[in-house]
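The same chain A turns up in both complexes below, where it pairs with chain B and then with chain C.
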Partner chain A sequence: MATVEIRDLTKIYPGGVSAVESVNATIGDGEFVVLVGPSGCGKSTILRMIAGLETITGGDLLIDGARVNDREPGERDIAMVFQNYALYPHMTVRRNMEYGLRNEGRAKDEIARRISEAARMLRLEDYLDRKPRQLSGGQRQRVAMGRAIVRDPKVFLFDEPLSNLDAKLRTQLRAELKALHDRLKATFVYVTHDQVEAMSLADRIAIMNAGRIEQIGTPMEVYQRPATRFVADFIGNPAMNFIEGRLDEGGHIKVDGTDVAQLGQAAPLHAGAKVIVGVRPEHLSLDASDPADGMMSLSMAATFQEQLGADTVIHGKVLGTDDALTLRLNGIHTVTPGQRINLGADTAHLHFFDAETGARLSA
Partner chain B sequence: MQKRVVFRSKSLPYLLLAPQIIVTVVFFFWPAYQALESSLFIEDAFGFSREFVGFDNFRALFADDVYLASFKVTLVFGFSVTLLTMGISLALAVAADRALRGATAYRTFLIWPYAVAPAIAGVLWHFLMNPSLGIVSYWLDALFGTDWNHYVSGQQALLMVIVAASWKQISYNFLFFLAGLQSIPRSLVEAAAIDRAGPTRRFWTIVFPLLAPTTFFLLVVNLVYAFFDTFSLIDATTHGGPANATSTLVVKVYQTGFVGQDYGASAAQSVILMLIVIAMTIVQFRYIDRRVNY
Partner chain C sequence: MVENRPIGRALTHLVLILGVTFLCFPVWMALVASTHPPEALSRAPIPLWFGGQAWENYKTILSGGLSQAGGVPVARMMLNSAVMALGITLGKIAISLLSAFAIVYFRFPFRMAFFWMIFITLMLPVEVRILPTYDVMVKLSLLNSWGGLIVPLIASATATFLFRQFFLTVPDELVEAARIDRAGPMRFFWDILLPLSRTNIAAIFIILFIYGWNQYLWPLIITTDESLYTVVMGIGRMMNAGEALPVWHLIMATAVLAMLPPVLVVLAMQRLFVKGLVESEK
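Up next is the complex of A and B:
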C-alpha cells in the first residue's frame, strides 16, 4: 500500500529520442490508475521507469514519499506483470511464485502459507506442480499475477497484461482483475492501449500522447469533458465525430452558416478562427425535424451500416463535405448508400476544440 | 500439407545423391573398413607381408603403459580444454550481451581466432611461449619468476597445448553462447530483477539453466574437438613430447602408424577412437533433444 508520485519525469534515450517529457502525476494509496495511449506514446516507458527497468533521465520518482530514482528494481518493493507473462520456463508454477520470496529469505512455512493463499485466490491449486508450458494463456497470466500477489508489494505494475489473450478471456480476466483490486486494496498502475480496458478498470485514467499526459481523470470525466481533441478522439467507441466550424464576431460558432453554439466570453480566439465541434455518435439522434433551441441540426449522406444487434452504427459523411460522420442508434436500422439522414444533437453534448492547438474551449 | 517432390526418372535422385555418397564411401567408409581390417593383422614395415593375429593388437595396446598413459593425457587435455574454453567464452558472451551497443565490433574481434588454421594457431603459441624468444615466457619469468621451458617440462608443454587449443575454440563457443543468451527473453531477467535477485543470482538461477541446451551441445562438441581435432596443433608445437607428455590418442595413432610404421597397432588405436566417437555421438543424439525442451 503506497502512493506513487512522479515529478517532471523525463526519459531521453541515448541518441536523443525523447520518450517521456516532463510528466507529473500523483497516484493515491489503493488507487487503480490506467495509463492509456497509442503505441509509442511513452506509457510503457513510464511504467518501466517506476519499476526501475529503465533509468530515469530527469525528474523524481517517489514511492511512499521516498525518492527511489536510484534504487534497484528489487529494492523498490514493487511487483510487475508482463505482457508475455515472463514466467520462468524451467520452474514449476509453485517455484515461479516462490522465487521472489526465496530471494527475500522468507521462512519456509510463511512461503507455503502465502503460496496456498494466492493459489486459492486465483484458482491455481491444481496447477502448482506444472510447468508454464503446460498451461493455457489465461492460466499463465494468473500465475504471473500470483507471482506478484505473494510478494505483497507496495505497488502492482501491469504492462498490457491482457493483450496476448483472446477477446472472451480478456473480458473475463478484466473482471477478475477488478475484483482482485477491490480485495487487495493495493495501488495498481496499469498500462494498456485498449480504451475499453482503461474505462472499465480504472479509478482514474491518464491518456498519453507523444510522451505527455493529455488528461488525467475518472473515466466519466474524460468521457464527458475531454481536455483535448486527442482525448476526445481516443476515448469512446466508435470515436467522436469532428466537424469544422467558425467563430463569428458575437462569439457564436457556426457550422456551414448555421449557428450551433454560443461560446463564453473567455474564449481566447478571435472572430473567424477555426473551431472543431465534436459530437459523439451516440449523442446524435434522428429527431431533427425542428431546429429548436438547444439543438444542433445536421444532415448526413450515409455510406454503410454495421448492425451489431443491440445497436446499429451508420457511417457516412456530413452532407456536402468530406468530413466522416458516424452515428450510433439503438436497435436495428437499415440505410441505403447515399441516403440523406437529418440529425439532431443536444448542444449540451457538443464539445469545442481550438482547431490549432486541439485544446478544449470553455463549456 | 506437406508438398512432396516426385521425380519422373528413377535414376535422377540417385544421380543427385551420388557425389555425397561417393565422398562418404571413399573418405569415410573405405578407410574405416581398412582400419578395421588392418587392426587384425601384423604387417611388416615395408608392406610386403602380413599375418592375421586376431585381437592381439588390442591386447598388446592395453598392456602397453605408454598407450594407457596417453589415455590419461587425452582425458586431462580434453576436459581441461573444454572447461577452459567454455568458461572463458561464457564470460565473454555475458559481457558482450550486456554491452549491447559495442557488441557488433566486439563480436567480430572475438570471431577472428576461429579463422586461424589449427597448425598455425599452434605455431603462434609456440612462438609466444618459446623459452628463449617468446614474449609470454619472458613475462612469466619477469612477473612470477617462472622458468618456462616446455621442451623440458612435460607439465608446461601440456599446459601450453591446452591454452592454445582452448584459445582457438573460444570464438566458436562464444558465438553459440551469445546466440543462446540473446534468445532468452529480456523480460525474464527483468522479472527476476524485480523478484529481488541480484545479478549473480539471476545468472545462476535463470540464465544458466535456460542456457543448458547450448551448454550441453557445446560440451560434446568441445570434447570431440579436443579428442580428435587437435592433432595438427599438437604435432606442430610439441610432436606429442616431451616424453609423451602431450601425446593424446590421435597423436599416438600418427606416431605409431606413420613414425613407428606399426600399421596393425595404429589401426587398432584408430578402431578404439572410432568406438569413442560413436559412443559420444549416441550420447549427444539421445540427450540433446530431451534437454532442449524445458
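Up next is the complex of A and C:
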C-alpha cells in the first residue's frame, strides 16, 4: 500500500523525441487511477517509468515518499501485468507465480501459502500445474494478475491488460479487476486506450494527449466538466458534438446567427472570437417545440441511423452546415435519410471551449 | 499442389525412388564390402550382397587396428572423435549462446561492431586461417593435445547468428517481467532464455556435432600422436598406407562405424528438432 508521486516527469528519447513532458500527479494510497488516451500519448511510457522499465530523463518519481528514479524494477516493490500477459511459456502456472518470490528468497511454506491464496482468489486452483499455452486468454491474464498479487507489492501496474481479450471476456474481467481492487485495497495504476474501461474502473482518470495530462478527475468530473475540448471529445460514446459559434459584444454565443447561450463575465475572449459549443449526443432531445428559456434549439438533417436496441444513434449534419451531429435517443426510432429533425438541448448541458486553445470557458 | 492423377503419382514415386537409390547405393556398398574377405573385393564383379566375414572384419579393426595405419584400434579412434566432436559442439553452443545473449540484451560500446566482426567470420572457413591458427597453437604448446584439437574450432559465427535471431523473437515483455521478478541478467539467461532455446539448441547440436565429427584437415595438422587420431583421419591413413594395397574390406568397416554416431545423434535429437520447427510457443 503506497502513494505514487510524479513530479515534472519527463521522457525524451535519445533521438530527441519527447514522449512525456513535465507530468505531475499524485496517486493516493489505495487509489485506482487509470491513464487513458489515444495511442502514442505517452500513457504507457509513464507506466513503464513507474515500473522502472524506461529510464526517467527528467523529474522525480516517488513511491511511498522515497525517490526511486534510479532503482531497478525489482527493487521498487511494484508488480506489473502486461497486455500480452508475458508469462514464462516453459513454466507451469505455479512456477510462473512463484518465480518472483523465489528470487526474493522467500521461505517455501510462505510461497505455497501465498500461491494457494492467490489461486483461490482468481479461481486458478485447477490450473496450477498447466503450462500457459494450455490456458485460454482470460485464464492467462488471471495468471498474470496472480503473479502480481503473490508479490504483495506497494503498487500494481497494468498495461492494457484486457486489450487482447474478446468483448465479453473483457467485461467479465473488468468486474473481477474492480472486485480485486476492493479486496486488496492496493494502489492501482492502469493504462488503457478504452474509455469505457477507464470510466468503469477508475477512482480517478487521467486523460493524456501528446505527452501531457489534459485533466485528472473522477469519471463523473471528466464527463460532466471536461477541462479541454480534447477531453470532451475523448470521453463519452458516441463522442460529443462540436458546433462552431461566435461571441458577440454582450457575451452571447451565436451559432448561425441564433443566440444559443450567455457566457459568464469571466470569459477571457473578446467579441467576435470563435467559440466551440459542445453537446453530448445523449443530451440532445426531440423536444424542440418550445425554444423556451434555458433551451438551445437546433435542426439537423439525418443521414443514417444505428439501431442498437436499447438506443438509437442518429447521425447527420447541422442544417445548413457541414458540422457532423450525432444524436442518441432511448428506444427505437426510425428516420429516413435527409429527414429534417428539430432538436433541443438544456443549456445546462452545453460545454464551451475556446476555439484557439481548446480550453474550457466558464462553468 | 497435391494432384491425384495416377501418372503424376507414378512419376513422382519414380523420381523419389531413383533419388533414394542414388543416395543409398554408396552406403549399401560400404555395408556389403565390410562383410567380405579382401579377395572378394579385388575380383571383377564387385559383390552386391553380404559376405560371411563381417564378424572377423569388425573384430580386427575394433580391437587390433591396422598395422599399416599405425595400429590404432578403431575403438580408440571412435572415442577420440567423440571427445573432439562433443567438445567442439558443447563449446560452440556455450560460447555462441553467451555471445548472442550479450549482443541482443546488453547495450555496450561497439556492440554492432562486434556483431559485424562475428558475422564477417561466417565467411571465413577454417582453411583460410589454418596457418596462423597453427602458429598460435604451437606458441601455446597445444600441439598433440585435446585443447589443440578442440579450442580453435570452438567459436562459431553461425551458431551465434542463429541464437541471435532466435533471441530477437523472444518478446521484450518476458525480459521486463523477469526484471520485475527480480531476476538479474544471468538468472534470466538460465531460468528463461535457456529453457526457451531448448529446441534451437537441439537443432544446432545436430549440425555442430556432425561438423565436429567430420573434421579432417585440422586434426591431421595438429596431431602427430597416434593416440589422438580421430576416426576420419584413420580412414584417410588406411587408404594411403604406403606401398600395400588398400584393405577395402577393413576401410569400409571403419567407414560404417564412423557413420554410426552422427546417425545416432540425429535419431536421438530428431523429435526435439522437429518440435522446434513445428511448435510455435512464444
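Everything that follows uses one rule, which is that the second predicted complex is superposed on the first by the 363 of 363 C-alpha atoms of A that agree within 3 Å, B and C clash if a C-alpha of one lies under 4 Å from a C-alpha of the other, contacts with A are read in each partner's own complex, and residues count from 1 in each chain.
FYI, a contact is a pair of C-beta atoms (placed from the backbone, for glycine too) under 8 Å apart; a residue touches a chain by one contact, two chains touch by 3 or more.
None of these values were measured; they are calculated from a predicted model.
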Chain A as common anchor, with chain B and chain C clashing or fitting: clash
So, does A:Asn84 touch the first partner chain B, the second partner chain C, both, or neither? both
May I ask you to decide whether A:Leu53 touches chain B, chain C, both, or neither, giving the answer as first, second, both or neither? both
Should A:Leu184 be classified as contacting the first partner (chain B), the second (chain C), both, or neither? neither
Let me test your reading of the model: by the given contact rule, A:Glu72 touches which partner, first (chain B), second (chain C), both or neither? both
Can A:Ala324 be said to touch chain B (first), chain C (second), both, or neither? neither
Is A:Met121 in contact with chain B, with chain C, with both, or with neither (first, second, both, neither)? neither
Across the two complexes, find the residues of chain A that touch chain B and also touch chain C. 51-53, 72-75, 78-80, 82-84, 86, 88-90, 99-100, 103-104, 147
Chain A-touching residues of chain B, taken from the complex the two chains share: 185, 187-188, 190-198, 201, 205-206, 209-210, 294
For a test of understanding, state which residues of chain A touch chain C in their complex under the given definition. 51-53, 72-75, 78-80, 82-84, 86-90, 99-100, 103-104, 133, 147
Help me check something: in the complex, which residues belonging to chain C touch chain A? 171, 173-174, 176-183, 187, 191-192, 195-196, 198, 281-282
Residues of chain A defined as touching chain B within the complex: 51-53, 72-75, 78-80, 82-84, 86, 88-90, 99-100, 103-104, 131, 147, 151
